[in-house]
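Next come two complexes, and both contain chain A; in the first it sits with chain B, in the second with chain C.
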Partner chain A sequence: MTLRTAGGILAQVLALAAKDLRLEWRNRSRIVAVVLFGVLVLLLFSLAVGPDSRALVEASGGFLVIALLLSTTLGLQESFRLEHADGALEGLRLLPASGAAIFYAKAISVALTLLLLGPVLAPVAMILYIGEVALGGLAQLIGLWLLAALGLAAPGVLYAGMTSRLRSQDVLLPLLLYPLEVPVLLSLVKAFGLVLRGDPMEQMGSWVTILLVFVGVYWLLCGILFEYVLEEGT
Partner chain B sequence: MLKRALKRLWPGIFGFSGLLMLLVGSTLALSWAPPERHMGDVSRIFSIHVPVAQNALLVLLFAFCFAIASLWTGRRRWDAATTAAVEVGVVLTLLLLPTGMLWARPTWGVWWTWDVRLTTSLIGLILFATVLALRSFVEDEGRRATWTAVTTIVAFVDVPLIYFCVRWWRSLHQVQSSPETVDAMMVLPYRINAFGVLFLAIYLIALRSRLEMRRLAGEEVAPPPRLASSTAL
Partner chain C sequence: MPAAAASARAEAREPTDAIWCEGVGRRFGRRWALAHVDLRVRTGETTVIVGANGSGKTTLLRILAALCHPSCGRIEVAGHHPVTQRTRVRRQVSLISHQSFLYGGLDAFETVALWTRLLEAQGEPPVGRQRIAELLDSVGLGHVAGVPVRDFSQGMRKRLSLLRAAIEPSRIVLLDEPFAALDPPGQQLISEWIGVFGRAGRTVVFASHALAAARQLATRAVVLQSGQVAWSGPAAAMPELGQLPALRAAEGR
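Up next is the complex of A and B:
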């Protein structure tokens, strides 16, 4: 690939991502609904466990990640519903933009939207489960949230692109996405726990490595495969 | 003539040989091989658990290769082969989990633990089962073939993880054994069973692949006009 074509693809990705983000901004009520859904899930978990504060602190990382995962599913479904509303995706296919460019643009916009969930969900989880907003390890939390957003976005966009036209999308997307995201889920739960409760054994590095490898592998693989998914008509 | 007969019969030859080898291997493992020094007779289950586990990963590797061929060529035969290999891989993974649990209960004291090998194997099973679930939801043949191949390739990322996880992380599950460290009388039944399961898997993939080809060909034939309903209208 020459430098010129690489630059061209980058320009396509940026233009398409800007388009997606503009659409997200114009439909702010949808983002608000996804955020509210995440908060509701956190609240339901605390109600389900009851007033046992020790159990809540122990499981806080897990609850936060599950809330993020469920919100992601909702956000992805809504995002692709919009693409099909007026045949927007078919229109994009008529442009000289590669499938990879469309994929990376969508994945970047989804990841940025998921990043927005962090400043709301994390403090709410801390208040509900721990009783205070702990600002220690804030940089680590932001870094982990970024990796979580990236890890959820790439496979999420690939599978949402596949299932968005099917009548059973609501069933299929979680069915395909959740088992794939187990390594992200496990690593995040452990890493969040280490940030919140301390890391005397210095285990953080191994969990972050898993997240980085997952993100690297799936951003590359899904980018290649999305072209085939588009060819068959999403 | 002979070539045509061989083409028709080779899966059956593999299937029969596989069954025979499994019968011989299992008999040797149960009656001829010595019991392990610490685990005793419980260790005899290795002669079926390990071959099933290794062949499950091998068959999923076949599925991955078939999926790439299906995406690359767009031919129906590769789609049928991918589906068949995923199905057989799922069946073998379903078998490896209970055989492992039967061994884990007397040695580890539990049927199941969230060990990294067990967890990645379970994830693998679910990932490939969802590939089959996805197929049943898609009606268009081209789209179904592409999506089957895509999801198979994505799911395959878990397979190297299943194999190498015991080396990369501290695990309750032991690392892969070498035949040099195992008694020759234990290795022989295991080897016979390993080839037995492989031959049986090849037979099942070939059979299931042919069946899928026929099913796909059947989908092309338009359904007969419903005379009764049209006259009623």
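Up next is the complex of A and C:
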């Protein structure tokens, strides 16, 4: 790939990401719905476990990650419905916009939308499961949330793109996405748990390293594969 | 492929051909939407594809635009193969389809600005805001530049889609039922633009039920029936309705 081609793809990514974010903003009621859905999931977990505060604290990281994962799935499905309404995505392919550019633009916009969930879900989880908002771990939480958004967005966009033209999308997307996300989910559960419960053994570094590696691999591989996903079924 | 699908072989390919198909077919499940079509369109020519609903017009245009893979046959569009060289084909082809290919959440100005930015990223010259406003005026959408596309009528969407073909640097323009859902001024606008594309040396292929417009605008005509070529030749020599069942079906009589 020449420098000029790379510059062209980067310019396409920026133009398409601006378009995606503009559309997300104009459909912000959908974002609010996704955030409220996440809060509801957190609330349901706290009710399911009951007043046993120790059990809640132990499982808090897992509950937070599951709420994020479910909210991500909901957001992805909606995001691709916009792409297929009146053949808009086909229109981009005809221009022709690069498949990699379409992928990275969509992944950036999904990741940024997921970042918006953090300031709401993390404090709610702290209040529900720990009983206080610990400001000490705030910087770590923000960093982890960024990695979570990146780790969920790339495979999410790939599989949402793959299943979005199918009638059974609602079922297939979680079936395909969740197994692939297992390494990221496990690392996130451990890392979020360490922030929420404390990290006396200083294990955080190793989990963050695993997360960084998987985020890197996902963003690289999914960007390459998305071109084939777009052309599949033509 | 049904035996009845076999038709006369395509004429020999020449370097001046913008589109060349031989034995092209497309199957969806067990049904052949397009069966063994031979088609040759010379550069700069305006060709109309006539046929009833389900005769294979849309499938053929989508194959030519590299949006649909043929199940069989040989094909070249602007000298490239639409399956193995689809990006090159798409650079040379503009498609105006039943679907508008537009985002309902963007307004008309933002839509054109997005197209121009994406084309600029591919090496085309930048287009300023003033020029975008002029382009919208040219299709009668200047006064609704800030209105979201979701609030547009079908006709207004088609006008905006037409603008894309105007700004793309493609050599071939494909239009699928361009006169459908348009009022008389809209139909007049489409006719004018087809003329503009032709005078600019661009190859135009449009699918239509409107036989009068087809005879007036096109130099060549291809009549499709059940996915096969029923007749092809100069548009002016296209048979009358009574002479060809496919034409009666196309006009819905």
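Keep this in mind: the second predicted complex is superposed on the first by the 232 of 234 C-alpha atoms of A that agree within 3 Å, B and C clash if a C-alpha of one lies under 4 Å from a C-alpha of the other, contacts with A are read in each partner's own complex, and residues count from 1 in each chain.
Quick note on the criterion: a residue touches a chain if its C-beta (ideal position, glycine included) is under 8 Å from a C-beta of that chain, and two chains touch if they have at least 3 such contacts.
Because the structure is predicted, anything quoted here is derived from the model rather than measured.
**Q** With the two complexes superposed on chain A, say which partner A:231 touches: chain B (first), chain C (second), both, or neither.
**A** both
**Q** Quick one: classify A:19 as touching chain B (first), chain C (second), both or neither.
**A** After superposing on A, A:19 lies in contact with chain C but is clear of chain B.
**Q** Determine, under the contact definition given at the top, whether A:75 touches first (chain B), second (chain C), both, or neither.
**A** Once the two structures are laid over each other on A, A:75 reaches no partner at all.
**Q** Based on the superposed arrangement, let me know which partner A:38 touches: chain B (first), chain C (second), both, or neither?
**A** Touch partners of A:38: none, neither chain B nor chain C.
**Q** Using the superposition on chain A described above, determine whether A:8 touches chain B (first), chain C (second), both, or neither.
**A** second
**Q** Under the contact definition given at the top, report the residues of chain A touching chain B in one complex and chain C in the other.
**A** The overlap between the chain B and chain C interfaces on chain A comprises residues 231.
**Q** Where on chain A does chain B make contact in their complex?
**A** Where chain A meets chain B, its residues are 155, 158, 162, 166, 168, 172, 175-176, 179-180, 182-183, 186, 206, 217-218, 221-222, 225, 228-229, 231-233.
**Q** Could you list, by residue number, the parts of chain B that touch chain A in their complex?
**A** 71, 119, 123, 126-127, 130, 133-134, 137-138, 140, 142-143, 146-147, 149-151, 153-155, 157, 161, 169
**Q** Would you mind writing out the residues of chain C in touch with chain A in their complex?
**A** Per the touch definition, chain C meets chain A at residues 65, 67-69, 86-87, 90-91, 93-95, 97, 99-106, 110, 114-115, 117-123, 148, 157, 164, 168.
**Q** For the complex, give me every residue of chain A touching chain C.
**A** It comes out as residues 8-9, 11-12, 15-16, 19, 22-23, 26-27, 82, 85-88, 90-97, 101, 231, 234.
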